[in-house]
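Order of writing sets the labels: A, B, C, D and E. Residues in every chain begin at 1.
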Amino acid sequence: MPEQTFLDIRHLEAGYGRSQVLFDVNIGIPWRGGVAVLGRNGAGKTTLMKAIVGELASSNGELFFDGRDITRRRTEERVRSGIGYVPQEHSVFARLSVRDNLAVGSLFNVDPTAVDRILTIFPKLGQRLDQPAGTLSGGERKMLAIGRAMLGNPKLLLLDEPTEGVWVGVIEEITERLIELAKQISIVIVEQHLDLALRLADYAYVLDRGRVALQGAAGEVRNDPELLRYLAP
Amino acid sequence: MGAAKQALRATVSRGPDVSMADSGLDRALPARLAAGRKVLPIVEGAVLIAALILPLVLQDYLTVFATRVIILALFALSFDLVWGYAGILSFGQALFFGSAGYGVALMARDLNITSIFLVLPAGTLIGLTTSLLLGGFLLLGRHPSSVIFVALGTLTGSYAADRLARGWYYLGGQNGIPSIPSMSLGSYDITEGPVYYYFALGTLVVVYLLCRFLVRSQFGLALAGLRENEQRIAFFGYKAQHLKAIVFAVGGTIAGLAGSLYAFHEGFVWPNMVGVVISTQVVLYVLFGGSGTLIGAVIGTVIIEGVSFWLSDNYRDIWPILLGVLLLLVILFRPLGLISYVLGERERVGSFGAGPKEKRNAAP
Amino acid sequence: RPDWANAAEGPIKVGIATDLTGPIAYAGNADANVAKMVIKQINAAGGLLGRPLELYIEDTASNESVAVGNVRKLIQRDKVDMVLGGITSSMRNAIKDPIVARGKTLYIYPQLYEGKECTANLFCTGPTPAQQCDEFIPWLIKNGGKKFALPSANYVWPHTLNVYARKVIESSGGEVVFEEYYPLDQVDFSATVNRIISNKVDVVFNTVIPPGVGPFFKQLYEAGFLKNGGRLACVYYDENTLNINQASEIEGLASCLDYFKALTKDDPVSAKIQAAYEKDFPGNFLFAAGSAATGTYRGLKLWEAAVKEAGKIDRDAVAAALDHAKIAEGPGGPAEMVPGKRHCRMKMYTAVARGGNYEIVGRSDGLVDPKEC
Amino acid sequence: MASAFVAAFEILSFGAIIVLVVLGLGIIASMMGIFNFAQGEFVLLGAYVTYLAHSRGIPIWVGMAAAPFIVGGLGFVLEALIIRRFYAAPIVAMLGTYALGLIIRESVRGLIGGFYLTVPEPIGGSIDIGTMHISTWRFTIIVITLLVMGGCYLLLSRTSFGLRVRATLENPALARVSGISTPLIYGATFAFGAALAGLAGALIVPVFSLFADLGIRFLIQGFVAVMVGGVGSFIGPVAGAGLIGTLSAALPWVIAPVVADVLVFVLAIVFIKFRPQGLIAGKGV
Amino acid sequence: MPLLEATGIVKVFGKLTALDGAALTIGENEFHGLIGPNGSGKSTLMKCVAGAEMPTQGKVTFINRDITLLSPTERARAGMSLKFQITSVLPTLTLYDNILLALQAQSSLFDLVFSRTRGVLHDQAMMMLSQFRLADRAHDAAAALSHGQQQWLEIAMALAARPRLLLLDEPTGGMSLEERRVTGELLQPIKQHCSLVIVEHDLDFIRDICDRLTVIDQGRVLASGTVAEIQANKSVQEIYLRRA
């Protein structure tokens, strides 16, 4: 586990209704840099993200963010204190226009040029400003979701499969941006493109059936013989 | 509540992509069904036994009252089938109930026909025809119709019919048609009382079993798909609109049967019988008991009617307020209806993937 | 308590079925109050046939299907000897069959209505169109003008009443400019008001009912109908309905009923009844004719007389006596049943609203004939 | 000519009344996805507050001004206690609000004894232009309606409140992870819709007098108006209400009122059938 | 005669021309990949073929039949089956019921009402579920699946309708490498009786399973041919380097 922890997850247990998904998860996220969360379908990656952002109440364990206990904080308070989140599904406001989606992102951002910056990263969005976000193509939607989350100036950014359905060229672009960004803030990424994930991340966790099965520096994990077994269905 | 969800989706949908990007599938669902214990048959059996012995223990006038409740339960069943199973919010179900009532009342008044073998089929047919016409208009067509549109369309239909009945002299206007003679079986008059009670109960049981057979069949699964996401199953090749129209018509038919029984039992018909008041009432019955479970409709009717009867007797001045409070409490704390006290979510939604044993019984 | 000579037979049971809840609850509650008062008086005077009276009140809730259920309670559970009640015509229609035909019980209907109810064992003690129009319309022509408009709510009472009224208007030299029907809950009457004004109508013979009537009168007023000398007439308007509009908006409105509170000034019997009612029930539910309160009083008293004459309580005997029952004292004067007709002769009064109160401006010479059946 | 002018005014004034009543209903339906069956009772409460003020000897306009705040406050409380539980299931919400409406209506009926009670206008009388008389109060209602409409539009389009509301209602989970406090937004929106209904009740009670069924009288009309206009925007329901209101006031000028009454609804349904997205397909505010 | 032929497809959304004369030809038993940058019109083309959108212009023929104006239902009955880009399983129904619903889609009303096909379809349903490694969750509600599991369920449902032509819009989104490989393996056997159009961004995956490729850019077909041809194509390489 990295030494200085910005977000400290201790003994986290969470689930849906009566079915528990996460078991005794301990994770530390550093002040800066990327952390990858890997695991096969249904391993509990999304569940972990939801628990961090507060969408899902944890049944056990503690969350410390920036030195404060946020276990009992409501989602919006966590977000306002500096956590940004790009969900895996339903990550845009489908009926709102692209412009409004971005406006929601910048509700708590005083910088008036922030939106323009996002539009230079994703020029495609600039051509779609008045279109309801629900009619965007799959990739455009992802870009919008990432843009929206970045507009909040988060200190910790949670990305749940940000490149799913995104064109190769754009993935490259996004990766560069994220690597750039990881120099200033902390990023947690769930990603199926191993290369991408491990290029961005300094550290990686592998989940298996809701438990941390493997963890370590990105390079170590990558070369771990067990890794493929945890990722196979 | 699947159908309700669908309703929301339908209200807001502006195109295929948007509607499917709908959020909030994250509601916690019990992951596994509570190991095989079925409570539904037990509840059904208990209700049936209670209904069978009721007239033996009740005073006469209460038997008459109970008959009315049974007929209303039959009516509630028609709504439950349409809403609880197919997700069509027929907010004007009274239209079919009342039209049939008026129809048989006119037969009795003007043509002197009261034979049970003529009036009941006639009433049923009226229910079928009106529901086919209205359903055809509301449900078929290029655009899939949203739940709210159908709700409003049926409500308007029922409202307009109410207005028509009030304004039309031939139908007795506001006063309705009073003093309908009794239904007859040969030379025997079926008057209110135990005989009528058991007759109504028998009808209810038969219709109930037919409905039960229908919703448990593969057709029932198609309905379940329909109420979850009509568009999705259209892409499988289901004629979604036709399925809807069929269920709507079946519901209308049952409502028509109930309406004719009701008219003869009460001895009069009046505009409210086609109107918004009864239409709303039947929605209340079903939601109160638990929609999407046939027995819920019956239980809801019995309890609402029973409680209002009791309240109006004991808290004469404030009983509507008390009834409102009771409804609100149940809706607040049991949004899935009273039946959800004993019935698990999985069993309520139903599953059609019967185990191999049950499967073999079902296959002919 | 008096000591009942025939107590062994138990009390005589009187059933009241009326709208205690719902939109016309004010009328239903007044009727129930009247019944309580009359029954109390009869019991205090020694009951009937030496037996006490016992009152059973059920709610008809302005909902016919609830009503039928509750009336069945009266008949089948409580086994009452007579039912009085129902205010609207549709309510009467709904409950008469369970009472008279299926229930084999005597039924008294107390409200002013459209007439034509000729069912055996069903007795009506409120005014009929003839009673409300015969003297009233000539008065209107004299005190308003010849051109009548008949704006009406679309249900049976206005339709039937208008047929009669039109006959009287035309035979008295008046003229009906238009007769028009509106949905019961219509609240915007701009088109109607415009027709009234532009046709220079003299008398608006109104059968629009609440909730429409308030906005209707207001719109008429604002359009200058009263200012230009027009006359409002409305035969169901009593003291309960006066509050719907501000006094100025219905200044000069004329009504014709069997009783007005204004009568208490010069009729001691009415004054006595009114005082007794107000003493027992000082609340908001007024003892008013248009709400069937007087009909209820009259009905119970006529029935009392009939039971006394019959000497027993079984339906046929009482009905036979009720057929020609009379009372000397009632609200507004004496009353008597017309033999064979099951309707009631009574005195009628014409009154005009001035500053929020009625003033009596006309009285019938004697008892007016209902001309029914 | 003169009568055409009067006709236009009268029709317009009824249209304005319907718009006023539907405003709150439309906001709650469009923004929250809930067809609030208790909306009529909020109108009733607004009227009742005004009546209470009047009967206590307080100037009427004070009552009218207080009504939206009192009803809005009540709306806020009701949202937190009751409505909040219904967002996942709009149909259950219909029933829940129906029950709520029943309770309020019957309680008020008990309080006013089932009577029809008159409440005078703060500005009475009529404006006379030649031989024509135009009700001053109806004119005032038209003006206030226009002002309120403009105000709502600005609030929803020019402030981030509107954006937050729309975002919350579209996808509450995502709104939360965008830092929006959804419970507050829900409460505020509902209270706002209720306050508008309260205002409507206060303004129309002098026209229609106070009675327990005052609000429910407009309910079905309101729902139809919302559908005709198009759910999902602010403008849609307003436009729908304007259309339905003027149509129901205008048709009786040309055909029998009884027919007109039914015709309005039938026309509306046929219209919606062929244009399901409504008059104004919901975009923007 | 190809199985499917879409020619001159134009789709205009307001001011935006999403498809500008695109074309697609699929032969019998052919696995066909559809690639292109984001927003190039791949999903729109799939929807026009499946009937979820009506093309503004153009013609679609399927098994020698003009289906341009047919409803999705009729197309499905003619043998088409679609998996949307955004998963849309029926959330409160069990996995088993989701599959059964797809399997029984073509049964007659009579058979449905009297459940005449339930027994036959049961085994097939269980088989599909176990193929996609979902058998142990057969009686869970579909909403309780993770995103990747829902993708699999969707593919299974699309297959269950026993189509002549299967349209998959990004079926492997959110799957790991290993999972993609398994998906590819599961798709291989259907080649005997079914053609496939698949939209994907992962070229390696496409290369492995597809016979032919069509590249779409800005609503137009940039290139179409065998995998090797496409890889050699200059303009295709160019768009791979271009951003957004």
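Going forward, a residue touches a chain if its C-beta (ideal position, glycine included) is under 8 Å from a C-beta of that chain, and two chains touch if they have at least 3 such contacts.
In this text, all values refer to a predicted model and were calculated from it rather than measured experimentally.
Asks: Starting at subunit A, figure out the least number of steps needed to reach subunit C through touching chains.
Replies: Minimal hop count between subunit A and subunit C: 2.
Asks: Using the touch definition from the top, how many steps at minimum link subunit D to subunit E?
Replies: 2
Asks: Going by C-alpha centroids, which chain is farthest from subunit D? Tell me that one.
Replies: Measuring from the centre of subunit D, the most distant chain centre belongs to E.
Asks: Pick the pair with more C-beta contacts: B-E or B-C?
Replies: By number of C-beta pairs in contact, B-E is the larger.
Asks: Starting from the mean Cα coordinates of subunit B and subunit D, work out the distance between those two points in Å.
Replies: 31
Asks: Rounded to a whole Å, what is the gap between the Cα centroids of subunit A and subunit E?
Replies: So the centre of subunit A lies 29 Å away from the centre of subunit E.
Asks: Any idea how many Å lie between the Cα centroids of subunit C and subunit D?
Replies: Distance between chain centres, rounded to whole Å: 37 Å.
Asks: Taking the mean of the CA coordinates per chain, how far is subunit A from subunit D in Å?
Replies: Taking the mean C-alpha position of each chain, the two centres sit 43 Å apart.
Asks: Touching two or more other chains, which residues of subunit D qualify?
Replies: Within subunit D, the residues that touch at least two other chains are 106, 170-171, 173-174, 232, 258, 261, 282.
Asks: Multi-chain contacts only, two chains or more: what residues does subunit B have there?
Replies: Each of 5, 12, 14, 17, 21, 23-24, 26-27, 29-32, 163, 167, 317, 320 in subunit B touches at least two other chains.
Asks: Could you check subunit C for residues that touch two or more other chains and list them?
Replies: Subunit C, residues with two or more chain partners: 21, 154, 181, 183.
Asks: Spell out the part of subunit B that touches subunit E in their complex, as residue ranges.
Replies: So the residues of subunit B touching subunit E come out as 2, 5, 16-17, 20-21, 25-27, 29-33, 214, 216-219, 221-222, 224-225, 228-229, 231-240, 246, 346, 349, 351-354, 356, 359-360, 362-364.
Asks: In their shared complex, at which residues does subunit C touch subunit D?
Replies: Touch residues, subunit C against subunit D: 21-26, 29, 154, 180-183, 185-188, 190-194, 198, 210-211, 214-215, 218-219, 222-224, 240-241, 243-246, 283-285.
Asks: In their complex, what parts of subunit E are in touch with subunit B?
Replies: Per the touch definition, subunit E meets subunit B at residues 47, 50, 52-53, 71-73, 76-77, 81-82, 84, 86, 88, 90-94, 96-97, 100-102, 104-107, 109, 111-120, 122, 125, 138-141, 143-144, 157, 161.
Asks: Along subunit D, where are the residues that touch subunit C in the complex?
Replies: Contacts found on subunit D: 3, 6-7, 10-11, 13-14, 106, 109, 113-118, 120, 126, 133-135, 138, 207-209, 211-214, 217, 248-249, 252-253, 256-258, 261.
Asks: Name, in rising order, each residue of subunit D that touches subunit B in their complex.
Replies: Where subunit D meets subunit B, its residues are 33, 35, 82, 85-86, 88-92, 95-96, 98-100, 102-103, 106-107, 110, 170-174, 220, 223-224, 227, 231-232, 258, 261-262, 265-266, 268-269, 272-273, 276-277, 281-282.
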